[in-house]
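Listed below are the structures to be examined.
In the two assemblies presented below, subunit A is common to both, partnered first by subunit B and then by subunit C.
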Partner chain A sequence: MKTNQEILILGLGGVGRYLAMQLAETGRAITVIESNPDAIRRAEGELDARLIQGDAMNNSCWLEARARGKDYLIAVSDDDAVNILAALLADRFGIKRKIARVRSRGLWTDGAVITPEDLKIDLVIQPEELVAQEVARLLKMHWSNSVIELAGGAMQVVGTRIGEASALLDLEVKEIAGTLEEFDFRIVAIARDTNTLLPGGDDVVRLNDYLYCLVRAEDVPSLMLVLGSGAKRRRRVMVIGGGHVGSRIAELLQDTFQLKLLELDGSRAEQLGQELENVEILHGDGSDPDTLLTAGLLSMDTVITATGDNEANILTSALAKQMIRNQPGDRHGSEAKTIALVKREQYLTLAAAMGADIVLNRKVLAGDRILAYILGERMLSAARLYGVDAEVVELVAAPRSPITRSSLATVPGSRELRGKMIIGGVFHDGQWRAAVGETRVEAGDRVIAVCRPECLPDLERLVLR
Partner chain B sequence: MSLASQARPDLVFPDLPGPDRQAILRAISERFAAAGVVDPADLLYRKLLEREELGSTCVLPGVAIPHCKFDGIDEVVVSVGICPEGAEFGAEEGEPVKLFFTVISPANEPAAHLQSLALISRWIKNNNHVDKLLELTTGEEILAFLKESEDERE
Partner chain C sequence: MSYRSIAYVSGTLLLVTGGALILPVICSLWYGEGDLFALVVSMFVPIAVGLPLRMLFRADKNLGTRESFLIAVFGWVAISAVSTMPFLIHGSIGSFTDAFFEMMSGYTTTGATILTDIEALPHGLLLWRSETHLLGGMGFLTLTILFLPHGVGGLRMFRAESSPGQVITKERFTARNRDAIWYLWAIYLVLNLAQIGLLMLGGMSLFDAACHAFGTVSTSGYSPYNASVGHFQSAYVDWVVILFMFLGGVTFMLFFFLVQREWKVVWRNTELRWYVSLTVAFCLGVSLLLWLQETYEPLDALRYGTFQVVSLLTTTGFTTADYELWPQAAQMMLFLVCFIGACAGSTTSGIKIIHYVLIWKFGVAAIKKIFFQPLAVLSVRVNGRRVNELILYLAVFYFIVNIFLVLLGGVVLTLLDELDYLSAMSAVISALMNIGPGFGAIGPSENFAFLSDASKWFLAWNMLVGRLEMFSALVVFYPSFWRS
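For the complex of A and B:
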């Protein structure tokens, strides 16, 4: 595959601009079509891209954009229909991969007569689905252990929260590595408060850190021993609002948590009761304190407000948190978390200021998903670590790539990349090993790396070129 | 650092009584207290049980490594115990556990604590080690075997 890919972006809204910036930095050639002259003017001087003002439903616009033979179309205009039609047009112009944002959900629900393949769309971006998945991810990370399998199961990334009982508590990463030389694992990411740390040797493991360790599958039991954690009690989660996002969140979480869903509309509640077998569906007004109490709010570990009303979500979230935390004689309440779903960006700061513990920006979620798709195509596998701003990827070192030229500690640019990516494991001579500074990677070796999303281009340069 | 040098002769128990986790941990705690390592026994029992409740320390079928940090002791203390009839110890597969390495460490020595756990995890990975140890019946034999097996490795 050629490395100088050409990308056509349709629409310069939040997602389009974010992607144009990120992808231009990777050296890919970017062309943007946008109908709004103001948006074009704002982008001039800010984006390293060819900007074309015009209507994507007009053939001449595609000719001017020199669409023929480009590698990707990213259709993220405001209009679902335009994005879908653009994918079809792009296919006729010979564009290889088509990504389209489609907000409406009706097209591909049960009994659909048309598929994304029919429309020549390779990746459909549904912002609401991404939000639901992200919420589920964050909660699973917060309340339970997580495991990602790599290399066909030979390696795993195990994520767990560090408690008082952990034997790693208060130790430097390099002390840990020195002590445990014979069972192979490496700490590849730490989530601490809201920050993500890709730790170096001097970093210390602290209480309540969420630690991600790359480990050989056979060494997982030994790792769990020193991590000092295991199965925990099943946590209780309440979702307020049974619309599409709320019910989808409940569906994704129902196997891991004890779930309640509170829905205002009686017939919708009844319908959800039939669809979601492992969720207790309640009918009532989530903004009413008495209803919340009756629904069992005080024993919840997490409350998610997911109605269609931004303001209601923010206020109910604040109310719920106050009620849970202020109940007398119970320390459980101090751990409880609230998540408020808000659509408009203007509300994000407000929601955080009002005490919501987690505020999600769906534009960045959509952008990162597309970025990972495009950059990830040249990698064997890529997975997002739960709730951490980092990807774990598996790739094969290309002949004469920079990573093969010296030991990992002295690879060109390694100093600048400290804290941004970690080469965690290497498969060489039929065996996986945790990577250390002296490790040498040879062409053809498989490599597992943990990397901040914005540094995927650097990783690509290091290993694949 | 070796396992044999950390395992105290007065804390080798070839006869731990079952049938379950509580009985084993209670017996270990009482014997640690009787040997003057900790005081009171009940505090150690609760700490060991608390750790087990977070996740079983049974790392291999038949082998568990109960451990905790304990204020007021001076150095890492390791004990070896065998429960000949096997005890129900919360292992995932439900297999009875016969061999127990218990590690108690001062609260301010996290590196030494980790090192002992690592030493034991490494030692029990050798299947022959566990099988042979379980054939022994006296404290002297057990200590001698630990020393011998570690010398071989060097």
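For the complex of A and C:
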């Protein structure tokens, strides 16, 4: 089952380059149109793709790229208008699916006279909206139990935090599998501080871990009993920066959490006060410790820095974390989280090193979303484990694919993929089972895998070919 | 340095080499001349070594730039060494040095031979000798890339063999590198088959036709006869060979565009226009001289003149006449033609026309800017596109390095052997440009057998440097290449 999909990418910026790399890795035929010769020169020799230097709005470039009959268009150039128009052009060229990045949020608000379908766009990527959604889901997952349904509801991924009362505390993953014999379940991911583990048998469950367990739907109540999750108080969240993303995050979270929004600009703050009913709008400078104290920073469970300034976001999140953790008579400080939004992908590691618990970058989010869309077409379902950096994917093992050749523990390449991918469950003989090392997948079996987004190509290679 | 992944690719290289020996084995079975044992043993040894290497290290597939360069350079050496086995076991070539020279000359499509009596060899070995041309013509490594699993640094390896001009002509015409290599090989094989068919129509045996086609399309020049193509004394054969030498010198990508019916791309191609013009000009020049100086009748002058010009221009090295008996002006033109070469991205080696195009246009524009229009923006266009300045500089550099390597090589060779300086320089040109015959002591009626072992190794190295187009062969001498 070899992929012969042909993909045309417009723009070789952060997202375009990331996607081209990942998709070329899967053996898809990639053609890129990019106007900047420097970007092309940098990519040459690194990227197995045909690179065409030229303007995406120039018909001859499309002809040179042999656009006719390609399977996907990914329009991720700098310019919204170009991306939108490209989708129309692509439609005329007979390209089957069109993905366009559109930064502006205004075009498709309620009552819009034009829809993405009118513009022949199959998937609209709004990076800022993606970031806001991601933050919202992340927080919702983080402070409460969450459930993702798979395989038409037959299987579920249950997420829960490990409290002091939990029976699983301080046990190794393989011990847990040994002690609980009444029903099958598999721990597929652990969110711990900033990290996401896709655990092996030797990993230990710790206090405050957020566990994701794959389990049959009928066993969920029993699992909940074991996990011993108690009632939750309403959590307090502060958003610093009331721009597009900040206000959108506040809007999405206002019903679930007790929310404060700190905005530097006075008139903007007033405007936000009108728009957001359930949010306490504050006017002040988020980079100033006194202002933060006055705003009530010390009682916060989560602080989100969402100003338009990369450096300010990183520094403020570091500052906020420092202040919350070091307060006298610490009650919850060790649990408090900071989330920093960073536009420049070069700053991602820096921000994490400076102490932000979670760093979100809209380019990476947009890239992963598109990747999941394209790869997902050949997978039965793909859902994001929000809050951790992993995808849950359901797929059918292809005949003679590597995964069917030996038991899971000895599948070729499994060594390198340890910690990046877990085969969680297998549907065999009309029954779902949690997968273990000795499990053997046969052709035609349905498989549930949890995997880091950047490893989706590996997963595809393992199961679908 | 990831030696494990190098071992993996080397295993694959060996497998391909062993597999390629199947043709000579079949040929040997047909003719039954006592070379079967040597060929069969030579086929199984590389397979027996290569298979475990490939199986053992199949998990290590991360080829970085440095690994790719190492394989690009030393892969040729290793394969040439392995390929000597049939000759050594059979005993038709006594010394390893001679056999290595012969094989390196074959793989690099040089066509310089140390055999004094070629016709004394059994058919199986002769076919193997010519088959090295077939394998080397399109680049042995590109063939190997097809046998590597997806994503094993094939792209880097493909690029490891390239000169500045290649950057322009190795422009990608398919989205996937692998597809591009498939197409190139398909075009290459079709050309070979077409020539075999045409030669057989002219009355050649399948064996002769195959050997000559392998030597022609790859622009290499081994013939199973002492008198080279001249053996047949047939105008038809000469013209067929001329046609396919010429086609072998065309950028192969253009055949792809022809098949795709994108005529415009082919028509716009600057290098092709220059190639056609230069070929016609020199063919007419030499032929006219041969006619006016009454060396040949008019028609024969055209035939012999054209053949020799195309043969040397495309770095093939077939001969139909002893051109050292020709007028001095004609000889000088042939000498000049050796420095030109054909199109980049073809099976040819040598300096190549694209670099002359770049240097010429660069010079014209620079002089215009200096003397006539100081405001002019220095802009060189090839195939309707502006060329990056770095490539222009590299083209000039490439040209100068080539000339210098010829001169320096001449010095080395005169030190190593008792040769007149013209013959020595000509031998280096012949090796470096992958041509085959030269002038003087290594002229069309001579061979390389009389040289000392040291000279042979030196020339073999020059062939490799020429085939790899300098840069990757030079890169491995940078100390920083070896530091991690």
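We adopt the following convention: the second predicted complex is superposed on the first by the 347 of 465 C-alpha atoms of A that agree within 3 Å, B and C clash if a C-alpha of one lies under 4 Å from a C-alpha of the other, contacts with A are read in each partner's own complex, and residues count from 1 in each chain.
Definition applied: a contact is a pair of C-beta atoms (placed from the backbone, for glycine too) under 8 Å apart; a residue touches a chain by one contact, two chains touch by 3 or more.
Predicted, not measured: the structure shown is a model, and the values here were computed from it.
Superposition of the two structures on subunit A shows subunit C fitting alongside subunit B with no clash.
Of the two partner chains placed around the shared chain by superposition, neither subunit B nor subunit C is touched by A:Leu211. Residue contacts after overlaying the shared chain place A:Val226 against subunit B, while subunit C stays out of touching range.
Partner contacting the larger number of subunit A residues, of subunit B and subunit C: B. Once chain A of one complex is fitted onto chain A of the other, the partner contacts of A:Ile30 are limited to subunit C, with no touch recorded for subunit B.
Applying the stated contact rule after C-alpha superposition, one finds that A:Leu12 touches neither subunit B nor subunit C.
Once chain A of one complex is fitted onto chain A of the other, the partner contacts of A:Leu51 are limited to subunit C, with no touch recorded for subunit B. Overlay on chain A (Cα): least separation between subunit B and subunit C is 38 Å. Subunit A residues in contact with subunit B (one complex) as well as with subunit C (other complex) do not exist. Contacts from subunit B toward subunit A in the complex involve residues 50-51, 54-57, 59-60, 65, 67-68, 110-111, 113-115, 117-118, 121-122. The part of subunit A that touches subunit C in the complex is made up of residues 6, 24-25, 27, 29-31, 37, 41, 45, 48-51, 412-413, 415. Against subunit B, in their complex, subunit A makes its touches with residues 163, 165, 167-171, 175-176, 179-180, 182-183, 221-222, 224-226, 228-232.
Looking at the complex, you find that subunit C touches subunit A at residues 59, 150-151, 154-156, 159, 172-177, 179, 388.
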